[in-house]
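Here the structure comes first, spelled out in structure tokens, and everything after it is commentary.
By letter and in written order, the chains are A, B and C; residue numbering begins at 1 in each of them.
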Amino acid sequence: MNTQELKHIIEAVLFAAESPLSMNQLTGLFQADNAPEPSTIKQALTMIQEDCADRSIELKEVGSGYRFQVKQDYAQWVAKLWEERPARYSRATLETLALIAYRQPITRGEIEDVRGVSVSSQIIKSLIERDWIKVVGHRDVPGKPALYATTREFLDYFNLKSLDELPSLAELRDIDAINAELELVMPEDRQPADVEADDQTGIAGEDSFATDSPELTATEEIDEPLSAEN
Amino acid sequence: MPFAIVQGTAVMVLPKDLYIPPDALEVFLAETFEGPLDLLLYLIRRQNLDILDLPIAEITRQYMEYVEVMMDLQLELAAEYLVMAAMLAEIKSRMLLPQPKRFDEEEGDPRAELVRRLQEYERYKQAAEDINTLPRVGRDVFPTDVARPDLKVVRLPPRVELDDMLTAFREVLQRAAMYEHHHIQTEPLSVRERMSIVLSTIKRDQFTDFSDLFNIEEGRSGVVVTLLALLELLKQSLIELIQTDAYGPIHVKVADTAEHGTAE
Amino acid sequence: MNTQELKHIIEAVLFAAESPLSMNQLTGLFQADNAPEPSTIKQALTMIQEDCADRSIELKEVGSGYRFQVKQDYAQWVAKLWEERPARYSRATLETLALIAYRQPITRGEIEDVRGVSVSSQIIKSLIERDWIKVVGHRDVPGKPALYATTREFLDYFNLKSLDELPSLAELRDIDAINAELELVMPEDRQPADVEADDQTGIAGEDSFATDSPELTATEEIDEPLSAEN
């Protein structure tokens, strides 16, 4: 099979697929003893991507794999055909989703701690039904609360390849550090407890960033963040 | 037209004896709050206050005004608003107390925890707004939907590793060992295999020449295996050996009693 | 709007549409006072059709309008996406296969005697359909039960030249003895439950090319074997 033929096959399959296709799925199309190298497939994908330069569609890699999609320049034309208005999500839903996306794995109680209000079961339920979040374990504390994480479908829906691509979180400023400057007090005056709390938040945010596939690592991490926090 | 919408509840009529702080109405009309932190952030941002240098007395006063309005409107006020009110009151009182220098290090700024929570909430509030502006399938992103050609979908058989089968077999052996009368005999596999081959070769209604079953090229051990296989088949009455004359040719056929020969 | 831009818009809309688009629908995309002539749209459609010559999709006119469709030449590749691979064989099937391999020629009753439980016709049928076993005769006892033996295809699949290459019973017992010793040394390491779980994961890993998430396949594995057989 030459590269041109391989390119055509991959193009055909990506067009026919109902959802994004992973490298595994693409490799799986071929007999094990005759499968092209992943690097060859990758090369074909790059060629397809280049072919799209002068077209109204693009080949995009999202969370669960590759898919063809209409370039955003043409989205306005396509939207005219769409009868259904895209759903709007409440602030409560979006804030809950944001906390799960940036701080996963996280329990409902931890979400409530940050938001300062209770999170309705309905919100969690609807996010699970949309396949945007899932339970990846349970925290080892009384009541064994469920730990939530985002899914590949969440990434697909928001056109993201990995959590890395989420907008970065705002920096936290430290009140004691500022006070220290203002009052010209020795820097050692920073409260150990506060410093630690701030650091942890920072770490939690960045940690969940670093993992491409929260599903895989989350189960291992179940016990870790807890012991770190308590 | 509802008079105001607070926490998703439409307020149609104003209580008569209600005093409403000047800007409160505007707030209720402008937006609903996602809790006490959200309300506090609104008050802070509206007045361009530095979150790190909160005028706690003033903020507490404003916060309490809004909470009272909500209570006067007999809205179902989430308990969190009252907890926050108590927290603000406590911070305010601690700010008023003279702070001996030596306690400073232990207690720090009484506002620190509140400020930390406000900042923490605000960054996720912002993150939620950011997520809301991400390109979204069905709004900004449209995956292609191309018709498929006619398909003939095949159902593939499962894959099996040799080890899976051996593991299964070991377990049968272990189980079988519990029944003494089910001892598994240990003919060499080559004999077993040869038995199957012989059975497949010979015919029911036609004699096969005994010597045709042997392949000289296999050498002595091959011949022995075939012979053992024939003897075992004979023992199990699966084949018949017929020799019409002494020293004459021996013929093999499937035992008469066995209905239907091979499936092939 | 030049022809190139018009072509891009029509291409984008046709790619995203869930069903064929009629000329009316295509014209309706544009402001009434600024809509291109139907002949211009037609021209753009012809250009798109020509662009497809060297690609794996084509623009087809069907009853209700125009749609993109994967070319029939690539049907076999697309079909692979929908191929179902039953998760795995049940233990009963593997045991039956093993007994036929080691004890051939053997009847179903004899297999049942050793296994201590009955063997469903479905198991035998699935192994015959797979060309791994065949009937080589019938035993001369009441009911004249069929005698089963393994086939050349069985040897080919497992990459064996002859049955001799299977470990002998003695060797298998040695492995058991070795395992037993290991258990004595490190009982916590080789719990029977673990062994089984390991095996399953091994199989699941190879079978599940279509599914990326190991958690998902693991749960399916538990229920699948039965349904795969029935």
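Worth a mention:
By our rule, contacts are C-beta pairs under 8 Å (C-beta built on N, C-alpha and C of every residue); 3 or more make two chains touch, one makes a residue touch a chain.
These numbers were taken from a predicted model, which means no experiment stands behind them.
When every chain is reduced to the mean of its C-alpha atoms, the one closest to the centre of the whole protein set is B.
If you compare B-C with A-B, the chain pair joined by more contacting C-beta pairs is B-C. Greatest centre-to-centre distance from subunit C is found for A, with centres as Cα means. Separation between the centroids of subunit A and subunit C, computed from CA atoms only, is 29 Å.
Averaged C-alpha coordinates put the centre of subunit B at 20 Å from the centre of subunit C. Here the CA centre of subunit A is 16 Å from the CA centre of subunit B. Under the contact definition stated at the top, the residues of subunit B that touch 2 or more other chains are 142-144, 146, 148-149.
Shown for subunit A are the residues that touch two or more other chains, namely 15-16, 57, 68, 70, 78. If you check the complex, the residues on subunit C that touch subunit A are 8-9, 11-13, 15-17, 21, 25, 29, 55-57, 68, 70-71, 74, 77-78, 80-81, 209-210, 212-215. The residues of subunit A lying in touch with subunit B in their complex are 15-16, 57, 67-70, 72, 75, 78-79, 82, 84, 86, 89, 91-92, 94-95, 97-99, 101-102, 114-118, 156-160, 166-167, 169-170, 172-173, 175-176, 178-179, 185, 189, 191, 194, 197-198, 201.
On the side of subunit B, the complex with subunit A involves touching residues 34-38, 51-53, 78, 80, 84, 104-105, 108-109, 111-113, 115-117, 119-132, 134-144, 146, 148-149.
Subunit B makes touch with subunit C in their complex at residues 142-176, 179, 182, 184, 186, 188-190, 192-193, 195-196, 199-200, 236-238, 254-255, 257-264.
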